[in-house]
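Quick one: structure below, then a few questions.
Naming follows writing order (A, B, C and D), and every chain is counted from residue 1.
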Amino acid sequence: MREITYLQAIHEAVDEEMSRDEKVFVFGEDVRQWGAPLGELKGLFEKYGPNRVLDTPISETAMIGAAIGSAATGMRPIVHIMFAEFLTVCWSDIFNAMCKPRYMSGGKIMFPVTIMSYCGAGISAAGEHSGCLDGMEMSIPGLKIVAPSTPYDAKGLIKSAIREDNPVQVFYHKNLILSGLKGEVPEKEYTIPLGKADVKREGSDVTVVATMLMTHRALAAAEKLKAKGIDIEVIDPRSLAPIDKETIFKSLKKTGKLVIMVEEPKTGSSASEIAAVVAEEAFDLLKAPIKRVCAPDTAIPFTPALEKVWMPDEDKLIKAVTEIM
Amino acid sequence: MREITYLQAIHEAVDEEMSRDEKVFVFGEDVRQWGAPLGELKGLFEKYGPNRVLDTPISETAMIGAAIGSAATGMRPIVHIMFAEFLTVCWSDIFNAMCKPRYMSGGKIMFPVTIMSYCGAGISAAGEHSGCLDGMEMSIPGLKIVAPSTPYDAKGLIKSAIREDNPVQVFYHKNLILSGLKGEVPEKEYTIPLGKADVKREGSDVTVVATMLMTHRALAAAEKLKAKGIDIEVIDPRSLAPIDKETIFKSLKKTGKLVIMVEEPKTGSSASEIAAVVAEEAFDLLKAPIKRVCAPDTAIPFTPALEKVWMPDEDKLIKAVTEIM
Amino acid sequence: MKIEKEKLLWMYRTMVRIRVFEERIGDEFAAGKIPGFVHLSSGQEANPVGVCANLRRDDYITSNHRGHGHLIAKGLPLDIMTAEIFGKKTGVNKGKAGSQHLTDMAVGCLGAEGIQGTPVPVAVGAALSAKLRGTDQVAVAFIGDGTLNTGRFHEGLNLAAAWKLPFICYCENNTWAESTNIYDATALTDISQRAMGYGIPGIAVDGNDVFAVYEAVYEAVARAKRGEGPTFIEGRTCRRRGHFEGDSHLYRGQEEKDECLKRDPIPRFRKKLIEMGILTEPEADKIEREIKGEMDEALKFAEESPFPEPEEVYTDEFV
Amino acid sequence: MKIEKEKLLWMYRTMVRIRVFEERIGDEFAAGKIPGFVHLSSGQEANPVGVCANLRRDDYITSNHRGHGHLIAKGLPLDIMTAEIFGKKTGVNKGKAGSQHLTDMAVGCLGAEGIQGTPVPVAVGAALSAKLRGTDQVAVAFIGDGTLNTGRFHEGLNLAAAWKLPFICYCENNTWAESTNIYDATALTDISQRAMGYGIPGIAVDGNDVFAVYEAVYEAVARAKRGEGPTFIEGRTCRRRGHFEGDSHLYRGQEEKDECLKRDPIPRFRKKLIEMGILTEPEADKIEREIKGEMDEALKFAEESPFPEPEEVYTDEFV
């Protein structure tokens, strides 16, 4: 099968959906000439013109408002809110204005909005351009969240997100773009349903749930652990909301042991939510404490010397896995 | 001992700290004439004058900015951000601008800010004026969070919050104000350290961790459970960040069973975080699944007929406790 | 400006409808029949009516916490609206929204927002959609004076101006935001000047004169449809009641309150219509009686409707 | 306006210092010695220098992503600043901040903010504090043109105006926000008009003429100290380089780039100072040599400094 990059996969997903449905349009800061800061939307302006690809002022609350208002009236907006931290600038707009009305209106209104944002550390982008806010966003009822780790998942999930009638947050990891990560992606059209996890590696000793960049680190750790005779199963939830509990529980039936590895400060992270779900609904399957391999509860330091320590990595995962063996 | 209301306790705390330290001042929407919408700051303007009690425009981001800037330059601001949902309007300001700089600056700057907000459902204030955002705020590194359930705790915690050199969020529950809840509060000055839980009721069968209004519901449920021969211990964390793990673990040593009851949508709630901490650090003490008694993952419905169902209550707690007996 | 008789009568009827609705809701609230909070718009009726008299059913509005008048003027029936405010199953939003969040796309209302400022960017989004879809629809955001100081107002209005969207920001300046006077909350003495910061027209009108409101909005709608972009309109009006029911509004001087009662837009409009020969006294009285009857029915409908079943908590969300 | 010789020489020296710093940082970045992103302010030097020539050490500033010039003009030493940008332990913020978040209360800098708009309310808070404490300090927020469209700019400036705070909002209008032109992002053609929406003075100056900047800020500081409230100043300037290092800024026409190089504020100031008899050619050259030497030292310091120890991850937070 052909291989394309994570960046190309994102691009293809948006491109295909824009050509498939003329109600889909995309706007954000610097999407027109830059095709977004990392270039994943490059060429769409030339292809679809100024009515389908719009550069906005630096006005994140207006951008979410524009997404809501246009979604309510027949359009299917994709709004590019660059860095995950900028989502906090329009947090009320997402939490109150975008995610509550379907319920509050008794089903009288719906907002098919896709938000796309970069997340993730590892490129010394410092304290305000490096975060993953998955756990914080999971506290928002009414929002679906996807966080793909491979080109295949990125394309399939983004296409589903754009077709979804509820608001969806799409996170993609800067490192997976900038490292030029490649992967197999069929020529033929496909989508991946929201809310379905993927077992990235089968194993029998410990279940490791990991997202985005951490999925790759977990897979790398798996090889090292194998050398030590420990066989981990790596599950990538792909969707954080709703989350695919069944796939995790199924794995735990085999392993009885769970480590969750995500790139967020531990407290209030997506790892906490997953741990809570398991401790509540699959307690009887557990044979050991649930370990969370996360970042410390601090901002993200700039210097690579500290950023590297701040981020969860293979060694930390190996240590956690070993501790519960 | 004398009894005062929850509202009076909040008032006394702010009043005492303002008279103790002239750097303390308070501002917010409608704090001057109304003394805040529920009146907890009434009289402070008359007592301390226009330089210490200021009405702001409806500008939550400017309010947090004003708190940060004045805190960095020698003042000790208390900023009243009315309803918890309005915190999301200035979420970036709290998350990025207020809570990161101490760390990011390498300790070169500190912001002694107290934020006060109402939270809680039960008065049909509908979808945008009824929420508890404890879990969502716990995802913010660098922020301390207190959530008192009694007049005694309210006074002691708010005084400590105002004296704290890090940013502190104080939540107080609308229902505990409006119901006129009274409790013993000494005349003599006292403070309660941040980060210390309180065992509101001792018991031996199940540990129930509950906050704010839920503490009272848990205590009421305890009486009913007693009749069924089940003896629950009720722990009120009081501080959600940092959280007093030790007190919870200590209780679990006795009971081995944990139910967490908070007034938030379950996913991404403070209950999830507490459950995750226990599943990670005190797994060996557990003899049963950790139950979370929370609200559904939706906005809060207006009509009392549904709001009542939405809120966690004694029956739901009793059911959860009984399930793990 | 000439307004056809039919429309004038609709305007009068609608102003009376709002007044009767608000006063009766106030009574019902006082009687303990309405849960939560209500913010009434008595005294401000000329604003929503002067605005909506320029709108089609498929034009869009967004509203705020003081939104009953906006919704009624846009055509929401009183019965399902009253039932909603009573928290009943038959309410336009099944009782899930309540007074503060009334939403109905059937009349082009994208929602009443409790977070101040939000109505602006949301309506701007609807205006963007109209432009992209190539329709001649317009979108109006109703906000209060206090809301002018929110970031959302700024970002939304600037975006609409930059993109020349068919958008109107209509500000009901009743001079109060809860207990805070607008002239303490900004250095402006003429609120409509705020528009100058966006390079768009800022028009101040007497918001208690429905003709003045109508004309300003008429121009703004025409400008929007010509593709020239948004207009900011300040309707200078006043609140007859407290911020919400239960607010004794002691922070306002008695003089100011009396002044407001004197500026009542309804007798003023009625007098004018009679002078113009559009209406006679008995006809006007008849309208009032009819509306009261309509409101009696609405209240009856609301009272007799059941509350939603508990299971409704779990519907309307993908959980 | 007469400016004393001492100050003029400081201004010249500081402009050169910023230029040399920025260009050398650009080189080091290109050589792969600097982690992350850097946004250089080459060409904009007259703005921070014209501003800070009016400030005392105990006056406050807030800064943004393009902040090196602000910090240097406010007095931050080049060595600890360079070390910070290199991510070293000896950096002013122990390497935790980096280029984008330089913070040092010792020179009155409350922080450089990466979230556009934030510098405004934070500086407004410092101005509030000065007023409450009864000092005569002033606070300045440095922002770019793109930031004028953020809600924080609006809320902060309105608050400062309403409360008559000793605050100056200084906007470096280089006409670009990343790849987006300011005149596409707002309907205004004269940015300084935005001030009219707040009822405060809005002054436009040639931001490449340090005298013009100095004078406008001089007035604004005087106004602030008289208790008359904030001023908004637009410095019309241009960016010599891309948005950040690595940006090929193809979205700008070559003509515009050439034009910007021609408007260079440093030769212009130098020429003027020589005409005024404040400086001779050899003296000016000497200043340049000295600064280059200073920068060599700073780079050496940064390069030779160690990275922070891993345990530093866990300090400076209460966790």
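Here is the rule we go by: contacts are C-beta pairs under 8 Å (C-beta built on N, C-alpha and C of every residue); 3 or more make two chains touch, one makes a residue touch a chain.
These numbers were taken from a predicted model, which means no experiment stands behind them.
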| item | value |
| --- | --- |
| Chains in simultaneous contact with subunit A and subunit C | B, D |
| Neighbouring chains shared between subunit A and subunit D, ordered by label | B, C |
| Furthest chain, CA centroid comparison against subunit B | D |
| Subunit A-subunit B separation of Cα centroids, rounded to whole Å | 30 |
| Centre distance in Å when subunit C and subunit D are each reduced to the mean of their C-alpha atoms | 45 |
| Mean-CA-position distance for subunit C and subunit B (Å) | 36 |
| Between subunit B and subunit D, centroid-to-centroid distance (C-alpha), Å | 40 |
| Per-residue multi-chain contacts in subunit D, two or more chains | 91, 95-97, 101, 113-115, 117, 149-152, 155, 158-159, 162, 184-186, 316-317, 319 |
| Residues of subunit A engaged with two or more neighbouring chains | 56-57, 59, 61, 85-86, 89, 92, 96, 103-104, 126-128, 141-142, 296-299, 301-302 |
| Topology of the chain contact graph, where touching chains are joined (line, ring, star, complete, other) | complete |
| Interfacial residue positions of subunit C with respect to subunit D in the complex | 149-155, 158-159, 161-162, 164, 184-189, 193-200, 229 |
| Touch list for subunit B against partner subunit A, complex | 85-86, 88-89, 91-92, 95-96, 99-100, 103-104, 126-128, 133, 135-142, 241, 264-265, 267-269, 271-273, 275-281, 283-284, 286, 288-292, 296-299, 301-302 |
| Parts of subunit D lying in touch with subunit A, wherever the complex brings them together | 35-37, 87-88, 91, 95-101, 113-117, 146-147, 149-151, 177-180, 184-186, 250-251, 307-308, 310, 312-314, 316-317, 319 |
| Touch list for subunit B against partner subunit C, complex | 29-30, 32-34, 37, 55-59, 61, 85-86, 89, 123-129, 296-299, 301-306, 309-310 |
| Touching residues (chain side subunit B, partner subunit D) in the complex | 25, 51, 54, 56-57, 59-75, 77, 92-93, 96-97, 101-109, 141-142, 144, 166, 242 |
